[in-house]
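In what follows, a structure is listed as structure tokens, so that the remarks can point back to it.
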Amino acid sequence: GNDLASYCLMLGDDALIMSHRLQQWCTRAPELEDEVALANIGLDLLGQARLLLTRAGKAGTAMPASAGAAVADRPEDALAFFRDEHEFRNIRLAELSSHEPVDFALVIAQLLVFATWRLALLRRLTDSRDPVLAAIAAKGVKEVTYHRDYAAQWTVRLGDGTDYSHRRMQSGLDAVWPYVGELFDTHPVERALADVAVDPAMSRTEFDDVLTQVCSAATLTVPDIPPLAGVSGRKGRDGVHTEEMGFLLAEMQAVARAHPEATW
Amino acid sequence: MTTTESLETHFERTIEADQRIEPRDWVPEKYRATLIRQIAQHAHSEIIGMQPEGNWITRAPSLRRKAILLAKVQDEAGHGLYLYSATETLGADRGDLTERLISGKQKYSSIFNYPTLTFADVGVIGWLVDGAAICNQVPLCRCSYGPYARAMIRICKEESFHQRQGYELLMTMMRGTAAQREMVQEATNRWWWPSLMMFGPPDGDSPNTAQSMAWKIKRHTNDELRQRFVDMTVPQAEALGVTLPDPDLRWNAERGSYDFGEIDWSEFKEVLRGNGPCNAQRVAHRKRAHDEGAWVREAAAAHARKHREAA
Amino acid sequence: MTTTESLETHFERTIEADQRIEPRDWVPEKYRATLIRQIAQHAHSEIIGMQPEGNWITRAPSLRRKAILLAKVQDEAGHGLYLYSATETLGADRGDLTERLISGKQKYSSIFNYPTLTFADVGVIGWLVDGAAICNQVPLCRCSYGPYARAMIRICKEESFHQRQGYELLMTMMRGTAAQREMVQEATNRWWWPSLMMFGPPDGDSPNTAQSMAWKIKRHTNDELRQRFVDMTVPQAEALGVTLPDPDLRWNAERGSYDFGEIDWSEFKEVLRGNGPCNAQRVAHRKRAHDEGAWVREAAAAHARKHREAA
Amino acid sequence: GNDLASYCLMLGDDALIMSHRLQQWCTRAPELEDEVALANIGLDLLGQARLLLTRAGKAGTAMPASAGAAVADRPEDALAFFRDEHEFRNIRLAELSSHEPVDFALVIAQLLVFATWRLALLRRLTDSRDPVLAAIAAKGVKEVTYHRDYAAQWTVRLGDGTDYSHRRMQSGLDAVWPYVGELFDTHPVERALADVAVDPAMSRTEFDDVLTQVCSAATLTVPDIPPLAGVSGRKGRDGVHTEEMGFLLAEMQAVARAHPEATW
């Protein structure tokens, strides 16, 4: 039904937008090994986005009217390139821009939080009654475990590296922290899809435990910063995004929208 | 002196017998220097070459093409890594080579000093630039220096894959809208001549070729490889339905090869001298990434030190 | 003591006679401090207020609207300049006030801690936010402190112009496509309640109002101004064809005013405490611009010094 | 005829794209006075762009096919928002991005070169046989004189300020210099429009004199850096731009293109 479609959009958009932010790091990483790793993580998330948006299409998400005929049989592209900002359902954390000005500590903090949270969700989702979601989750668990470990290793290296890197890493975590609260809000769609969706609120303890451990190994402080408000309570999952989102979509969608009748 | 003589004899015999030189083997200093320079230049080309294509990742108009492009650019970073490792078996240092790149002391392939202006460029780079690279590189799989030859085997395999993907994108675009077909033709017009220049100056102007061939680093002259590329590419262009921008291009039945027009070597030399449309931009971008990564690399080193001391 | 008493008497008589206090006049320290704080907060609001609207300049969908928006944001920088100048007549320093803004020691209007999400927000900010600002500011044109009153006369004139331009944009959009009408309605839904909060807490919770009114800095209570804004805006919404997001909004013939629903003061307090959707972003952006301008300001000062010394 | 239309596009696109780069400085200037000044210059150039694109439309520039019906009676918007990159005719100097990473010396160098060159052109253009162009030029001369003076004053302040600002200003000039050569290339359209267009090559001496004077007052060196090549000789005027141009247009055109049938 429609709730399932919405749920797939949520998880798919999280991956799509976070992948975009990692794509923007391409040719900007501090070492070639990180160039490879960040691209790899971006690719994994892009793969998850494709599966989830395709699933959203099959589950009955309405295709955007502006998507040309050629796109009709590729719902993943219709949804990625022809939805407007308020139709995206990702959490706002994924929108945070870290590449301009270049801030490696910020992308690591963003990825640490994102992957720790997503891994907890996907693990529970492997038991979903929806077999497609369960399979996507099972594949994703392996991938996101690596993402989390990569981010955790860098968090420790930077936190427990030089004085300067320690300060940078702590600032990165502090900058990301306001976006954490939203990750664990239970959305009505998640509540409606018992046994199919997972309730993110259930994973908060696990998340806090991991972050506490990583920060401790990194000699960093888990931030104590209140969550970013929504607009009249509406946040990313409700289609209300940060001001960065419009610029992100303008770039991502420009070529596809210039050629609505094209196939690629 | 006698030892050096016998080492030199051993080296020459190995080359003559078409056997591989390995890191443990003695080599003449000039062989080592030539190889380090060539492999480093090749590594730099992979790294700088990420920029023109990377430019389109965030704007790729389908998620499938986005994934293909991101994977390709990632492969290039990987190629850079193998190749820098190969130079390390010859005693070079990656950090030092990177310094030489960003200070302009070492070159990379001039082709990457042209801008990518539309998404069709992604396909044309795969088709023409990777195609030319493969022509250049396949013979290097038999290069006398083992680690380089083995790296080239792996790289060539991946490059062929990229080349097919680029060609397939162009095929799809040529079956698409009029605007897409125009984009492909226009990108072909821009990349054709620079691709021919990838093989380097004409044989008469290529003073190092003889020594490199004697050492079996190089197996064919620039002009031989260029001709091979043209002969391979013309039928592909026909299958695609694009026109190559050379009025003098025609089949020569006598030679069993395509004749083609005069290359504008003055443009080639300008780009080589640093005055191409993107030389400054490419090096500045790489330098900025390197400089902005300095504190991260320092932190990693400091952390590793602490960790070692604690152990 | 006697002098102070006579100065104080003179000050009080001036206020009482509805005459203007000028920079040369003696004023009680608390009057000075209250005014500096209020004018600085107003100046900060102009400067921070440039961000939500500035966000759309490069994306404005017509060149005419782009020019209008750019001119408006420029006017806000100008307003900031007058107002900082007015604080300087009271002995404050612009650099010092900027430090207080970016260190979070001084506030600015909370309304600017909401994001602008579509181009319709540009129109709605003109209509509602500038509209509310005018309601607040028109009485300030009669403020007892001369330089502030005169600055407000100029500012109010420009704000009315901005308000009409915002409303006109919305009118045009409401005559446009269904998607445009939806954008206007949706933006109205988001900005309506924050606009009502611009008048500050209800009179019962506004401890400074009485003193400010006695000093004729303020002329009306928060609730009076809020009611005036609602009464002015409801007919405008009707003319526009948008619904204000308040089911309790209705004409009260007895009062000759519109009744309206309960304001969510907990949201207001959260935003005021720094936890709105954009507080951190707005201050960080201003801080970054200020920090990145430091070397430029230093250079200008160094150049001016050299120039003076040479003269 | 068509040459006149092309010529108006050239001058209009120069102003439009340079204005965009100044718009991006909004809320980022080092002082409020510069906030006001940069916006002012951006507004002047935007005004020139509107007049010139409107003139290009009247002179017979074909309207882009993708421009919706609503745009048909506003050629300035059809041309600004619905042309593709290769249809823009501006010189590449205008595309240079200076705001991210923030570089005040770079925008000042860019503006100094742009305004000095444009002022020389517009002065000659006041004698154009085309009365509309002559009138636009006359208005523009006053505006651009101020732009040049503003940029020259900052060049002197920064060049002759601190050691650090001196280095930054010299780097800014050096970064801009490769884009100078293209400004004085005579385009076939300019050659064809004798008495209507002006030949930019005629203004090179005047430009060099001004730059030499300003640099001397600023204790800076006029750079000796060769011009940026085109692609097979094709440059901005031929629709061949830098890689930054696509991102600029994606942002500038996103809203207009999302609503091709709208009026604003």
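Order of writing sets the chain letters: A, B, C and D. Residues in each chain are counted from 1.
FYI, contacts are C-beta pairs under 8 Å (C-beta built on N, C-alpha and C of every residue); 3 or more make two chains touch, one makes a residue touch a chain.
Note that this is a predicted model, so its numbers are computed, not measured.
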{"item": "Labels of chains that are neighbours to chain A and to chain C", "value": "D"}
{"item": "Centre-to-centre distance between chain D and chain C (centres being mean Cα positions), rounded to whole Å", "value": "35"}
{"item": "Chain B and chain C, separation of their C-alpha mean positions in angstrom", "value": "59"}
{"item": "Computed distance of Cα centres, chain D from chain A, in Å", "value": "39"}
{"item": "Multi-partner residues of chain B (at least 2 other chains)", "value": "59"}
{"item": "Contacts with 2+ other chains: residues of chain A", "value": "246, 250-251, 254"}
{"item": "Arrangement of touching chains [line / ring / star / complete / other]", "value": "other"}
{"item": "All chain pairs that touch each other", "value": "A-B, A-C, A-D, B-D, C-D"}
{"item": "List of chain A residues in touch with chain D within their complex", "value": "66, 84, 100-101, 246-247, 249-251, 253-254, 257-258"}
{"item": "Chain D - residues contacting chain C, complex", "value": "16, 20, 23-24, 26-33, 35-36, 39-40, 42-43, 46-47, 49-50, 53, 70, 74, 76-77, 80-81, 102, 104, 156-158, 160-162, 164-165, 168, 251-252, 254-256, 259, 261-264"}
{"item": "Contact footprint of chain A on chain B as seen in their complex", "value": "47, 50-51, 54, 57-67, 70-71, 73-74, 77-78, 80-81, 84, 119, 169, 172-173, 175-177, 179-180, 285-286, 288-289, 292-303, 306"}
{"item": "Chain A residues within the chain C interface of the complex", "value": "85-86, 178, 226-232, 240-243, 246, 250"}
{"item": "Footprint of chain D on chain B - complex, ascending", "value": "52, 55, 59, 114-118, 186, 189-190, 193, 267, 270-271, 275-278, 280-281"}
